[in-house]
Amino acid sequence: MVSFESDYIAGAHPAILRRLTETNMESLPGYGTDRYCRSAAEKIRDACKCPEAEVEFLTGGTQTNSIVISAMLKDYQGVVAASTGHISVHEAGAIEYSGHKVLELPQKDGKICAPDLRRFIEEFHEDGNCEHMVFPGMVYISYPTEYGTIYSKKELTDLYEVCREFSLPLFIDGARLGYGLASRQSDMALSDVAKLCDVFYIGGTKVGALCGEAVVFTKGNRPEHFANYVKKRGGLLAKGRLIGIQFDMLFTDDLYFDISHHAIDMSEKLKDILHDAGVPFYLESPTNQQFVIIENKMLEKLKKHIAYSFWEKYDESHTVIRLATSWSTSEEDMILLKEAFALVNPKSIW
Amino acid sequence: MVSFESDYIAGAHPAILRRLTETNMESLPGYGTDRYCRSAAEKIRDACKCPEAEVEFLTGGTQTNSIVISAMLKDYQGVVAASTGHISVHEAGAIEYSGHKVLELPQKDGKICAPDLRRFIEEFHEDGNCEHMVFPGMVYISYPTEYGTIYSKKELTDLYEVCREFSLPLFIDGARLGYGLASRQSDMALSDVAKLCDVFYIGGTKVGALCGEAVVFTKGNRPEHFANYVKKRGGLLAKGRLIGIQFDMLFTDDLYFDISHHAIDMSEKLKDILHDAGVPFYLESPTNQQFVIIENKMLEKLKKHIAYSFWEKYDESHTVIRLATSWSTSEEDMILLKEAFALVNPKSIW
Amino acid sequence: MVSFESDYIAGAHPAILRRLTETNMESLPGYGTDRYCRSAAEKIRDACKCPEAEVEFLTGGTQTNSIVISAMLKDYQGVVAASTGHISVHEAGAIEYSGHKVLELPQKDGKICAPDLRRFIEEFHEDGNCEHMVFPGMVYISYPTEYGTIYSKKELTDLYEVCREFSLPLFIDGARLGYGLASRQSDMALSDVAKLCDVFYIGGTKVGALCGEAVVFTKGNRPEHFANYVKKRGGLLAKGRLIGIQFDMLFTDDLYFDISHHAIDMSEKLKDILHDAGVPFYLESPTNQQFVIIENKMLEKLKKHIAYSFWEKYDESHTVIRLATSWSTSEEDMILLKEAFALVNPKSIW
Amino acid sequence: MVSFESDYIAGAHPAILRRLTETNMESLPGYGTDRYCRSAAEKIRDACKCPEAEVEFLTGGTQTNSIVISAMLKDYQGVVAASTGHISVHEAGAIEYSGHKVLELPQKDGKICAPDLRRFIEEFHEDGNCEHMVFPGMVYISYPTEYGTIYSKKELTDLYEVCREFSLPLFIDGARLGYGLASRQSDMALSDVAKLCDVFYIGGTKVGALCGEAVVFTKGNRPEHFANYVKKRGGLLAKGRLIGIQFDMLFTDDLYFDISHHAIDMSEKLKDILHDAGVPFYLESPTNQQFVIIENKMLEKLKKHIAYSFWEKYDESHTVIRLATSWSTSEEDMILLKEAFALVNPKSIW
């Protein structure tokens, strides 16, 4: 059985585990003050071409979203996000736990757009009642989105212009940032991301690390006493080295980008295999997640051969499933995928 | 100038002020333990035909919503409400401040319906990911709604059946409950409200009191140590008598119902006057709030004669305004309203 | 039976009820934007000799403490208070509900002192671990304290100097401010209070009003969008006039000060009566609350004649009780008090 | 330079890293549902001799404390702890962030005792005012404490009896549990810990793991939907395997206990070395942390040779420092420690 269930099915890139092993017995100070965290931060600043950036390491995505957002919002503010955004739907109310509302915007393929954002903010300020409402205080997007889609440089530039006009910080959730930047459709580099937002994070958990996300405050805007926010919310690791060493390795010799490109190559192959097999797409994304429609009886057979994620019911007799590639997807996995679809022969059914 | 700006433009019904004055020098214990609070609770239980009801007095609507909801939800739950619900839009994020998400349902004229609620809950439980989501934990509606509309007994019964099927308490915000029950379209009595939900509140602030809302737990379901919840959230009045005496008066000799009927009579007259004047309705409600569309130049003239609430921009040259009647609206106010519209002559413009 | 149970046993000063009645049918805008709130704020600024002060009206003491403190603290800060402070002990954890710790200092007769405060702050900053601790972010005291004691101008000046040195706002809880200022031991005027802190409140509930506290930000330091903080925490009254009119009256012709002096006169008489009766004091305060030790059997008799507050067990056979006077205490109450103690004859027992 | 700065200066026990490497490329489901988490839980249940125990894996100590405590407390409750407890002092207000107060008890060498706990609870319930106070809702202790001391079985039994009498769950923070159990003074086994509390955690971060704590609910009392609590507070790791594999290894062939005993052996040697060198102890603990008093000039020299933790100022010319051993402390470290103290020669100064 081969798994396309998610991009976090394997451990870490072997180079990372090697590095953890090599450095294992070094005595290092705790709580992210060690030399590997400093070195990783320096390499990330270089990769972002943003020497003034402040870099902080956290453990996971939901933790990062809730700490960054609650640290940057004022009491009377909420965060604007797509109605399908991860913070809107899949974080068990972590933002609300911090006392703030998620202000939902309509989305298309997981993305929000500049005109909708502008309209929302303008209508808010026209409302005579706005002291009784939640003020928009920052904007959250994902790159790539929940549906694997990506913003073009033009789209992001337009969005960020609206943000700056209304003094709303823009926060980019980059849990899968590498896969977005490596996409063949992407017209952006990491330095563009750094330029076109106020804070973003570089996902490690889903792009080769055991755990860890690197938060980048790009405009000298890290909240004062940020470590205290992290500690208060239970996110401060005693052995900060665990994340520092991993990111130090990921940003050595372009490892982060190389493994991201590999996942995209695998995703392109996966799309070809599915097209050849005649599988209809629910959403064909330019990144590492693909959404296809499978007839239910076929799915019963398929699940003996491949692991996937249930996405949603399509209709009475069909289901949308998600197949994801990652840094750990192999050529052999592709062969097994092809064989699995040959066995179930979708063309015969659809 | 005559005001239809809201239903809280005047002080209290004169009988209430008289009663506050009569009882003023009595020595009473604090924090809602006085005899007037007990007496008011008893009268409310009678009026609800619900002898097992537990009645608590709070100060205002947003306070009541956030205390009741946060006291009844478990940590992993949120409250389901119309996307236009008061808690969704106009309480500055008070529910989120308590750490809970408002789960928004689509609405029609401010109301949600049983089939939408059922679909939402069923889809939630079908989602394989539901441990990463906010569990629906109770349902909130207003009677009347933000738009002055009311649920029929059939609609409410259907909604409550879905709630009971999924063990979700139903909470009815009755900030304007009197005006809903007095509506000529209403087919419900107070006892029906008590029967068809788990907790509701009888609004005082907008129906004749200076302040105060009476929360009724109808099924022996008042949260343990409820006073502590209230104190912790800053809602416990030292002089609880202030609210007890007011509700004791409102539920003596049907005062609450009589003044509610008066407001509805005035609202019906107001609608007649506006129809006669040829003013187009944005939403003609069966209760005490009416929403009409006024041409902007006409509005400039009108505002010299009457006070109203801005509701929203209709188009470039028109505005939706809200006109509200209340227990304090007089026949003389109606004459002034008629004169004001005669002066601006809407027919000439629209 | 005559009551000395608390200073909130009666309704409002009759002049206040008269004023509420006179203004009752005036149409006024909601949420504290009416002319009475403006006028009351103006009169308070005058009484404080602090023309730049910003005045806000809230409903009760715990509400005021939690809103002001949580609006002024940063996320990583807590509030310093006496271990016996109202926020430390008697507010059901309202400060913690807002996400902040109360940092407790040792106290003497309910008061903290400048050297203890300085030591606490200095030790905090010497601690290498302070990013893992709660930063002191403001200082809270009560005037008078939980024990009815008051700070001298010298003590308050010293305390405020430490606060300013470390940039910690000083907040004075004045739930009983009038009784403190009217004390024969007080060497401060209202204007001194305004000068020697950053924010304080003038208690209404316990000094002649039905409810209401007037918060005074003395240094142009009202948090931005303060109304939104209040709304979000359920403290915004639709009929803000209820508090505005009361404070407008309290600050007309020195009513607030006159009724406070009356309570102190009654308290001095009460102390004389108790001394004459040979009742031992647990704490003889210069304000309106006295704490005396009563033998338990005597207490059984006494409670048939007077109402008091249980304070604490003194030993197996004695109890500390609190007796409070207020604006509503009458000369006749004093006669009844004297008679009650004559009947139980404490000298015979102690 | 040799480090005794803390017990988290090194990475993981080499066997753990080997196991992470061996299992690295296995495809596993996310969020703690993998076979290693299940296997680790099973081994922990066995080691606890508590087959009904429910085991959950979290990332760090503060996270564990705040999630477990906030998941088990009711809204109106707080957690009782020593005034020196980790949650009282060193977690940046994480418990308060969850809306709950830490109710502090006096301590001796970091421990609280049954009679003090009983008195505190009884006085709480005697207080007529308890609806205005924070109810004691659970009891928190650490084993070992902040000062490295441990409770005897008798002390813990007495404490737990009071807890059960008043229906307060007892929670034991075992961030350094291994070192406590391995102490030569300990008269308890892991199964005793499981028996004498309602929930505890087995610290991994400080006892050989890279990160991770294993929470054990011993009485079938895991809060419903516990994963949702974890997700909502940002503690759910996508690659739950990271902690499962580590604990699976720690509980294979008694590794956890063996490395804990090693740390204690090292600590006993460290104490001998310090005694021989004539260094006065501030607190000589039976576990892996020792607190000694060093003259300041000597400390200047010492810090060139060994790394330690500043604990507190002792007096103008002396400092209390903490020296910690751990699973990673070697015999060679001991030699270097001895040499360092020989060089600075404390006897010459003290």
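In order of appearance the chains are A, B, C and D, and numbering begins at 1 in each one.
To be clear about the criterion, a residue touches a chain if its C-beta (ideal position, glycine included) is under 8 Å from a C-beta of that chain, and two chains touch if they have at least 3 such contacts.
Because the structure is a prediction, the values reported are computed rather than measured.
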Pair with more cross-chain C-beta pairs in contact, given C-D and A-D: A-D
Whole-Å gap separating chain A and chain C, where each centre is the average of the chain's CA atoms: 51
Approximate Å spacing (C-alpha centroids) for the pair chain C, chain D: 42
Inter-chain centre distance, chain A versus chain D - centres from mean C-alpha coordinates, in Å: 34
Junction residues of chain A - those touching two or more other chains: 76, 91-93, 97, 99, 131-132, 228, 231-232, 236
Overall pattern in which the protein chains touch one another (line/ring/star/complete/other): complete
List of chain B residues in touch with chain D within their complex: 31, 70-71, 74-76, 99, 131-132, 135, 224-225, 227-229, 231-232, 236
Contact set on chain C toward chain D in their complex: 76, 78, 89-93, 95-97, 99-102, 104, 126-129, 131-134, 309-310, 312-313
Chain C contact footprint on chain B (complex, rising order): 1-3, 5-6, 8-12, 14, 17, 20-21, 23-30, 59-67, 91-94, 97, 205-206, 210-211, 228, 231-239, 241-242, 307, 328
